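Written out below as structure tokens is the structure these notes cover.
Order of writing sets the labels: A, B, C and D. Residues in every chain begin at 1.
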Amino acid sequence: MPSVDLVITNGLLVSPETTVAADIAVDQGRIVAIGAPGTLPPARETIDATGLHVIPGAIDVHVHVREPGFSHKETWTSATRAAAVGGVTTVFDMPNTNPPTASVAALDRKHAIAGSQAIVDYGLYGLIGEHNLDQLEAMAQAGAASFKLYMGSENPLVPCPPDGAIVAAFEILARLGIRTTVHAENTPLLTWRGETLRAAGRTDAAAHLEQHIDLAAVEAVSRTAIFAEWTGAKVHIAHESTRHSLPHIRFAKARGVDLTVETCPHYLFLSTDDGGRLGDNFMRVKPPVREPGHAGPLWDALLDGTIDMLSTDHAPHLMSEKTRDVIWDCAPGFPGVETSMVLMLAQVSRGRLTLGQYVRMACEAPAEAFGMFPRKGVLMVGADADIVLIDMSKTGRITAAGLHSIGNATPFEGFALHGMPVRTLVRGKTVALDGRPVGPPGWGRPVTVRRT
Amino acid sequence: MPSVDLVITNGLLVSPETTVAADIAVDQGRIVAIGAPGTLPPARETIDATGLHVIPGAIDVHVHVREPGFSHKETWTSATRAAAVGGVTTVFDMPNTNPPTASVAALDRKHAIAGSQAIVDYGLYGLIGEHNLDQLEAMAQAGAASFKLYMGSENPLVPCPPDGAIVAAFEILARLGIRTTVHAENTPLLTWRGETLRAAGRTDAAAHLEQHIDLAAVEAVSRTAIFAEWTGAKVHIAHESTRHSLPHIRFAKARGVDLTVETCPHYLFLSTDDGGRLGDNFMRVKPPVREPGHAGPLWDALLDGTIDMLSTDHAPHLMSEKTRDVIWDCAPGFPGVETSMVLMLAQVSRGRLTLGQYVRMACEAPAEAFGMFPRKGVLMVGADADIVLIDMSKTGRITAAGLHSIGNATPFEGFALHGMPVRTLVRGKTVALDGRPVGPPGWGRPVTVRRT
Amino acid sequence: MPSVDLVITNGLLVSPETTVAADIAVDQGRIVAIGAPGTLPPARETIDATGLHVIPGAIDVHVHVREPGFSHKETWTSATRAAAVGGVTTVFDMPNTNPPTASVAALDRKHAIAGSQAIVDYGLYGLIGEHNLDQLEAMAQAGAASFKLYMGSENPLVPCPPDGAIVAAFEILARLGIRTTVHAENTPLLTWRGETLRAAGRTDAAAHLEQHIDLAAVEAVSRTAIFAEWTGAKVHIAHESTRHSLPHIRFAKARGVDLTVETCPHYLFLSTDDGGRLGDNFMRVKPPVREPGHAGPLWDALLDGTIDMLSTDHAPHLMSEKTRDVIWDCAPGFPGVETSMVLMLAQVSRGRLTLGQYVRMACEAPAEAFGMFPRKGVLMVGADADIVLIDMSKTGRITAAGLHSIGNATPFEGFALHGMPVRTLVRGKTVALDGRPVGPPGWGRPVTVRRT
Amino acid sequence: MPSVDLVITNGLLVSPETTVAADIAVDQGRIVAIGAPGTLPPARETIDATGLHVIPGAIDVHVHVREPGFSHKETWTSATRAAAVGGVTTVFDMPNTNPPTASVAALDRKHAIAGSQAIVDYGLYGLIGEHNLDQLEAMAQAGAASFKLYMGSENPLVPCPPDGAIVAAFEILARLGIRTTVHAENTPLLTWRGETLRAAGRTDAAAHLEQHIDLAAVEAVSRTAIFAEWTGAKVHIAHESTRHSLPHIRFAKARGVDLTVETCPHYLFLSTDDGGRLGDNFMRVKPPVREPGHAGPLWDALLDGTIDMLSTDHAPHLMSEKTRDVIWDCAPGFPGVETSMVLMLAQVSRGRLTLGQYVRMACEAPAEAFGMFPRKGVLMVGADADIVLIDMSKTGRITAAGLHSIGNATPFEGFALHGMPVRTLVRGKTVALDGRPVGPPGWGRPVTVRRT
């Protein structure tokens, strides 16, 4: 029997359905065997996972790597190092860079940048705009892993297309079999309310919530589902933030709409009450972290499957960008790719969910939704050896200083941790170890997605 | 016992719940007593309704009287004469006249025109526009019976406001307690598709349906309901045309949204198959009469209460305006106010519905929805003596030449009738008799609506 | 114009939909005219209802008159006197008398007794038993107004038929078009639990609740609905007592089952907490008044129409029969026919419901469900002049001593009243005035029900 | 690296979610490794699965082995040989033997019989009776894998307990965490209708359907769910036969009832129309194969998860027992354990379902429902090596003569096959090969179930 590259021994393998003690053999980047201790081939390298849980690497389908265009906030190097340390082995990068990823050329350029720096695997979003509908297919052929629709945008770089263009885009993407991720807010509503609030001289943090009322999200979720139903497109609702959307999501799924939904840790762990601790202006994110009362229903929906998966909307900024006096000048969003898994493991330790449920929402569900299963998101023969070793006994605290993002202004400063990833492998290579990124730049590769 | 103005004797009084043989006494325009034959006071005039059914006058909340601005299509005289002959005692006039009814001045002007010509009672719609939100309350005080929102407009006279303005308008109207009628189509979708079809050189009738796809209606119905739910506004969906909206209507009602819905005879009796008979271009109406398969579900929804009421979207045009070569040049819509009741009575004769169900959908439901009940829409003491006498044995045929609208281009030419109104009274005065309008111009008065 | 027997002047007529100031003319027991003051014919008698509300007489479809067999608890004289004072103009009498009303002969005998004593109108229930299925049609022809099924019985006089007989009975009654009232509890469950509790030596009040667990009612409601759905029978669920049944009622109605439901004041106003005040053993009733937490959902269901109507399950006993040491020896049930309307009027005064809603649940709904509408349950021309005049300003207190039932052991002793019936007319004759029964024995007549 | 007992090479491993080419290593009866070809340890035996699909052994939770008491119909030897050839590696045996499995002694005796004969693994049902409630826990400790409730029985050996006993049993089993399988028909309804039909002299096959109307099943399914909801018991609905139950199953699952459901091939492939081919009397089974129109909705429900799993209700009889003149004398039921997989594989070949869906309904779902997952029902490290090799290209026909049951009166005679199991392993030992049973008697062992 020829030897293999690597065997991980004595770990507890966790899947959504079960936990089993087994070794994993890896060769040429893939899992080639799973077996009881002693049954696997000799290996050139052995990792002893005694006392550790072994899960598939997390997949974060909502990451703003920021490059090209905003390298002072984050680079492919810094973002993927943060991901690796955070137990994330695949990131999907959003197209609101400069230039936006709205053409084959922009996509090629981003592939080049990512390819030289990334230490984890990645997918690149193409942008859906009013004027690039005729390029969507070419971008798909050039390797766009998914497409992003900014339905709900105040950013002139990535304006919201008119509904006619959205439906036309959905028709194209339905034919291509590619899922579209939607920032679902109602742009005209945001615009009108923003102008009204600015005209009234409002510059305070509460004005941000008054602009981005739940209604803007609820309506856009419903509209997205209706457009998807009509066109047959597969859609994914980004960063679900409000309990008021949940009945509409359930109604859409009951109608058979191919709709998946994500939420993010900041909606599960924070509310406007955290403004006192963090500064109200610092809290700015789109859609907003809302008043208390939403996190509970969002948790319930995540655990019952109404919300399919966990992402982070990783959106790094400098602290100085997030703490300006005028709310409209405060950069929206937080880093998240490094803190999501540890935040959830602490909840596993408290019994709020099982590790199997975490694997479902963070690994298997995104892999299935975005056409990567069973190549990613699962520990099985033939899958990429994207593997995270977890020490459920390890404790610690989140600190901004300890994060690997350039824009490390985390809202989770000081959160107590119980359960941490201690080793992250991407296609068999260790890219993070004991909290330090160790993967070689350029190890990350673009994912291949199945289109159906 | 003093005598009264009028007693209608020996008729069969029909309500949604029951039918009873009784006389009706009328004095000073109101029903003052209902009693068994012989129990009512002496009257200066007696109408013998032996063999006739007696119902409340129909209320048509969707009528385009066209004046001011388009008197060559219809005038308040011609429209209300048609209404009277058709058994309609109250019409609600749409604001897409020239000028549009978008200000107190325009409302006053239309009140003056209507007041001098109308032979039936009327309510005037105020227009909701992006730039007149600050005048809605004044228009309400000046007597606007309801407000109309063109969500779904290609007409520069009555453009669709942005969603921010719509929500702001709903907030105002929720506070005022006034129901808003919505032309629910998605304007950006209409615009995009219209431009695409024109750019492709399409001028045929099918292009109209391709532009106004069901999706445009379905989405706008859902959005209207969500905005209504959020603001607490009462809304009314105009001219429901597609079975695909029905699940969304049911979902909204189940959520407790104060939503009422109308459909019109052309959606209940016609399909694109009628293009052969009438000319495909002639068939143009917004939203379109669709392919076969919608009328059945719409009938079911009307009878089970999902759709609350019957209106006509009476939209008279000259035949020459409706039969141009290029579909985009064909005037959309049909006259309806004179033919709705007779079309439905023929169905009563065939057993498709009961006369009580007709009274519910055509009289009581609109009166309740628009704050006129129990002043209108019901035969009871204290109600306006808006009364229609029906001869269920009378037969005939619809002919354009026999209609009283100027724009008499009816799609129901030749339809066989069984059951016809033979006398229409508005506040006790006979305004139509045996198919002839006889009411004095200016007898019609604006309705008073209760706001809650 | 000939004069009429009676005119009631200046009252406020209340219907579910509206309130109107009008006079009512009555002749030969029927309402012959409703009109504005001054429009009605001269009358031999005039009742001035100035300041009073005028409603249709209440219809109580669940009354145990007790005669023949248990005249020491109640007679047709005492029960109908109580009803008249309580504003109830029609009672439906239950068949668990001795002999039970299980044959044409028993029905005839009860008709004779009732006919000589009653001062309000009445319907007689026939009993559905395992062995009288071949007599149901004859009993219907002999005037049974409805039929009663004891699904849930420990009384050997009226045993629960096996399910096969129940379905056979439903098939017969579906054909006859008669609604069946069901005491919906699961008899085998009651029997098993009763024997178990007795075997354990339990004699305390709590044992009664442990025997009659909610489950016994919930299951039987569901089973009744399924049998009704399969056979096409119209069924009526007696004395709904538990919130746990409500989802099953809603599911049945959504499926289109012709199911109506009643609840009773003791379920709306009491809970086991009242045992301290009244004595736990005194509280015994089947099904039981349950722990706190049910009344709220039952009120909600009554106001949203899930529960259609209010009845009383008037079940008079002597106080000595209700207060024995051993719970199994305590007679179950309370008098109710005299106190139901005043209890609800006090809630009208507090704003918990409108008088129109009361008219719906106590007058119109039972008349419709049991085929008496529009002859009863409504104030309209042609209806029986079953009329109650209410003084909403009158206050008082319920006392057992003030009740007219022989078995006057009321659980509502001391309840404060605000709003009271001051005059009750049955077919035009005053049968109660200012709290005193004045109707002549034998004035009451059996009702005629429409079978469909 | 030490060698293992067995490696199965070059097969395509099928799970509900995916298919992967991999080898399986087996040692001491368990799967010890799954790996790419070449990665697994040396083995004392190798099975070449080139060109074959590899699935977990099917689990049939509804098998009547008949012994003790009816060995002329079937023995543990014959039944488990049939199972092995049919790809079934675990059978659950029903307790309606003679004596019934209603006590620890009877259970022990059956364990002894099974243990000496069986060639596949097995679970034994304990019987729930009115008089053995105090022995349920002891039977569970003695190894009863599940319990069977005959709610719907005409068999004096296994009478239906009264509802009070059923609820008491559910309370016990909820505490023990054991799922109860329910023959859900309404016994009193069966009894009543049976007596009525017999009294009418009916002896024809149609009388069987008239006795066992759908209603009897629908009602019992609903009642079972309500009892389960109240007690917290886990229940399993046996042999779902009618589309009319499906709304009730969906309602129960939506309420959160822990309800699982099976259907059987005869309900999916047959209707009363097959009586012509097979003889109407031969068709007798409880509940009946019904008129055409049920199979379609049952297939839909099986594929959408409303029905969780496939079983067979394997009920072997001699042909002479099934073909008597009087329908009441005809033995009800068919053999099924050997034909279920091949019938479904033929449908896989036709595209009606995927092989993954079959693995879900026949392997994984029963293992999960009855507490055997992940020891059985799945191909993973640590699982029992219950493995079936399938040749999807192999064709053939079902013939009674070719079956291994003693009572081989199959209704599927002549059915064309496409896809057949060619090798069945139980805990690593081949028990059937190329259609011949080869396992040694006594190889089968009782399963261990997890109770939660």
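Note that a contact is a pair of C-beta atoms (placed from the backbone, for glycine too) under 8 Å apart; a residue touches a chain by one contact, two chains touch by 3 or more.
By chain, with names taken from UniProt: A, B, C, D = Dihydroorotase family protein.
This one's a predicted model, so the numbers in the text were calculated from it and none came from an experiment.
Equivalent interface to C-D within the set A-D, B-C or A-B: A-B (over half of contact pairs identical by residue number). Between chain A and chain B, the centres computed from C-alpha atoms are 51 Å apart. With each centre defined as the average position of its C-alpha atoms, the distance from chain A to chain D rounds to 43 Å. Computed centre separation for the pair chain A/chain C is 62 angstrom, with centres defined by C-alpha atoms. Residues of chain D in contact with two or more other chains: none.
The touch graph of the protein chains shown is a ring with every node of degree two. Every residue of chain C that touches chain D in the complex is listed here, in rising order: 162-165, 167-168, 186, 188-193, 196, 213-215, 218-219, 222-223, 226-227, 230, 247-248, 251, 255. For chain C in complex with chain B, the residues that touch the partner chain are 1-2, 4, 13, 17-18, 20-22, 25, 27, 30, 32-36, 38-42, 373-374, 380-382.
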